[in-house]
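Look for chain A in each of the two complexes below; its partner is chain B in the first and chain C in the second.
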Partner chain A sequence: MNYIILIFQSTHRTLLAEKVLLGHGIKFDIIPTPKEITSDCGMAIRINPSLTNKGMVISILNDSKIDFNLYEKWMQ
Partner chain B sequence: MKTVDAKGKLCPLPLIMTKKALNEIADNETLEILIDNETSMKNVTRFLADHGMNAHVEKKGNVFQLLVNKTGVVPESAAVGEYCEVENPIKSNLVIAFQRNRLGEGAEELGNILIKAFVNTLPEVTLKPKTLIFLNSGIFLALKDSLVLDSLKKMEENGVEVLVCGTCLDYYKKKEDLGVGKISNMYDILERLTKANSVVYP
Partner chain C sequence: MKVYLDNSATSWPKPPAVLDAMSTYINEYGASPGRSGHGFAVRAAREVFETRELIASLFNVESSERVIFSANATHAINIALKGLLKKGDHVIITHMEHNSVRRPLKYLKSIGLIDVTIADCCEKGYVDIDKLTSCFRENTKLVVTIHGSNVSGAVMPIDRIGQICKAKGVLYMVDAAQTAGFIPIDMQNDSIDILVFTGHKKLYGPPGIGGLCIRNGIHIDTLIHGGTGSRSELDVHPDFYPDRLEAGTPNTLGILGLKAGIQYIIAKGIDSIRERLGQQTAFLINALKGIDEITLYGPGTSENRLPLVSMNVKKISPSQLALTLDSEYGIMTRAGLHCSPLAHQTLSTLPQGTVRFSLGCFTTDKEIDYTINALKRIITS
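After this line comes the complex of A and B, so read on.
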């Protein structure tokens, strides 16, 4: 399945995004940033598009003024 | 020089033959072991190293020649079977013991996010653990409202044993909220920990 991967500018921004999305009852996973996206030891948010509406996540993050980069990655 | 010809033999035979030959030679005598597959060569090398002997390995065509001086003692009780299993991910005997619901020392919010990334990556690692153990506040990771519940369930479906400390569930009054694994006790948990080849404490 193609998962949505969201990358933030720092660990602190990732923590903030996690808090905001949890506050909205959004379902997602915290994962280490996939190595093919960046070799930094960073944290990312993984969204299963069949469980969570991608557009809703994007608008929540935009409303909270949290910048992010969005990737799609095939994972088992 | 005594020679063990383990060509064509599969684990644990090269280990058994090596162990037997070592017990038949004198201290400081050299033993030659011939093996024709790399996995067995690594298993025997590791077995020797764990008993204080460094083998000199040379590849001659398709055959590995191991030369070792008997500088260590291999007790009769030394279990050779364990040295076969590490190469096989399904039968690995790695145990991960979660003693709290965070990863490492330091800032709490960082520890909280790190443990999620740790658990969510576990289904992807090559060497699958045999058992996951949850103790003290570690039990919160295995509750129904845990944010890593899906990953833990996936591991359990793939044959990884998940044990959760019953005393701890009782203490935190969370017995009803267990979302994955089976309630266990100190006897079973200590059995798993003491029999493990290695234990990871996140």
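After this line comes the complex of A and C, so read on.
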């Protein structure tokens, strides 16, 4: 499946994003950052696009002023 | 009977939840936070994140990522002073500062980097605001004051000093080693730019953990460069917080103990802890002030003060009194200069210092009574 991968500057910001997204009832996983994407931070947020609307996630993070980079990656 | 009255050095005992949190981490998921994405590392990282959020909420810090962990208050003060001050800067401190502030500034002055002015304080330990205001120069970059004196117990008017610094466009750093967790601190309302705390005193965490909180917009250069778990492919240290000031594996064990300590005081109520300790301190002071042989230092019982009593007994040196209290009565106090010779200059208690009785939230009324009776016996014997 093609997942959405969100990468943040620091572990702190990844967990801040986790807190904010959980507060909005968004479903996601925390995964080790895929090294072919970046080595910015050890952990990343993975979202299943068939369960969660990508636009909604982007808008929640933007509203919370949390900077991120978004990638799409095929994962089993 | 063992009576521990050295809580201003390190509070003891700790709430049971502190040890529980620390042993759970060691036994169940003791991994490095933020260095991997596996379950243990994520759980540890979440705990560290939540502790930063808790501290940010406790002191009203604008951004929780600007809560930086250090080994203790001294370490945090060194990070701030040495990472902030540049050649030609002028710094104002007070005559009640601890060596943790005085010594790094003296060092920076000795290498020709900065100049320092020390503002006078009254005999109780309060800074003279007019004198402090007259110390400002064109090149004044920073004012540093202790919040609560570890020697006299006086509590400085940090909101007033913060306003003065803000009006003059000068940074204000508060050393809250003795007050964090005891007196409410609001970084934004009190106009504090940098707040230094330690975990092992009135936040009831273990020794070895402290930190600093930095207002948005202020940048501090790091003293230590190294691994942060972020931007690992680059050979330069990251410039974002908290990674900027936290190279190397953090003290997760201490951070978790600190979190449990803070949760304990919040659940118990910081105001109710302060009220009870205020009553116990007032009881101790009132019992001692009627004794001719005893000289008490610091503010009176009606003033905003810390739960400590600094005193001397005529014809008995502080070290001898502390030894007698410990060896004959099991009462543990601290004698001497309390790492604050400047403060003793203010109180006129150099070179011998004082004996300090400092209370904690587990101190009982019975222990206070026992201590008063022990002092009376020592004086009459």
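Observations
Note that in this section the second predicted complex is superposed on the first by the 73 of 76 C-alpha atoms of A that agree within 3 Å, B and C clash if a C-alpha of one lies under 4 Å from a C-alpha of the other, contacts with A are read in each partner's own complex, and residues count from 1 in each chain.
One rule holds in what follows: a contact is a pair of C-beta atoms (placed from the backbone, for glycine too) under 8 Å apart; a residue touches a chain by one contact, two chains touch by 3 or more.
Note that the structure is a prediction, hence the values are computed from the model and not measured.
By the touch criterion stated above, A:30 is placed in contact with chain B and with chain C alike.
Among chain B and chain C, the chain that touches a larger number of residues in chain A is C.
In the overlay built on the shared chain, the residue A:16 is in contact with chain C alone; chain B does not reach it. Of the two partner chains placed around the shared chain by superposition, chain B and chain C are both touched by A:43.
Within chain A, the residues touched by chain B in the first complex and by chain C in the second are 11, 15, 18, 30-32, 43. Chain B contributes residues 109-110, 113-114, 116-117, 120-121, 147-148, 150-151 to its touches with chain A in the complex. Residues 9-13, 15-16, 18-19, 30-33, 39-44 of chain A are the ones touching chain C in the complex.
Residues 33-38, 41-42, 45-46, 49, 52-53, 64-65, 229-233, 238, 240-243 of chain C are the ones that touch chain A when the two sit in their complex. Residues 11, 14-15, 18, 29-32, 43, 46 of chain A are the ones touching chain B in the complex.
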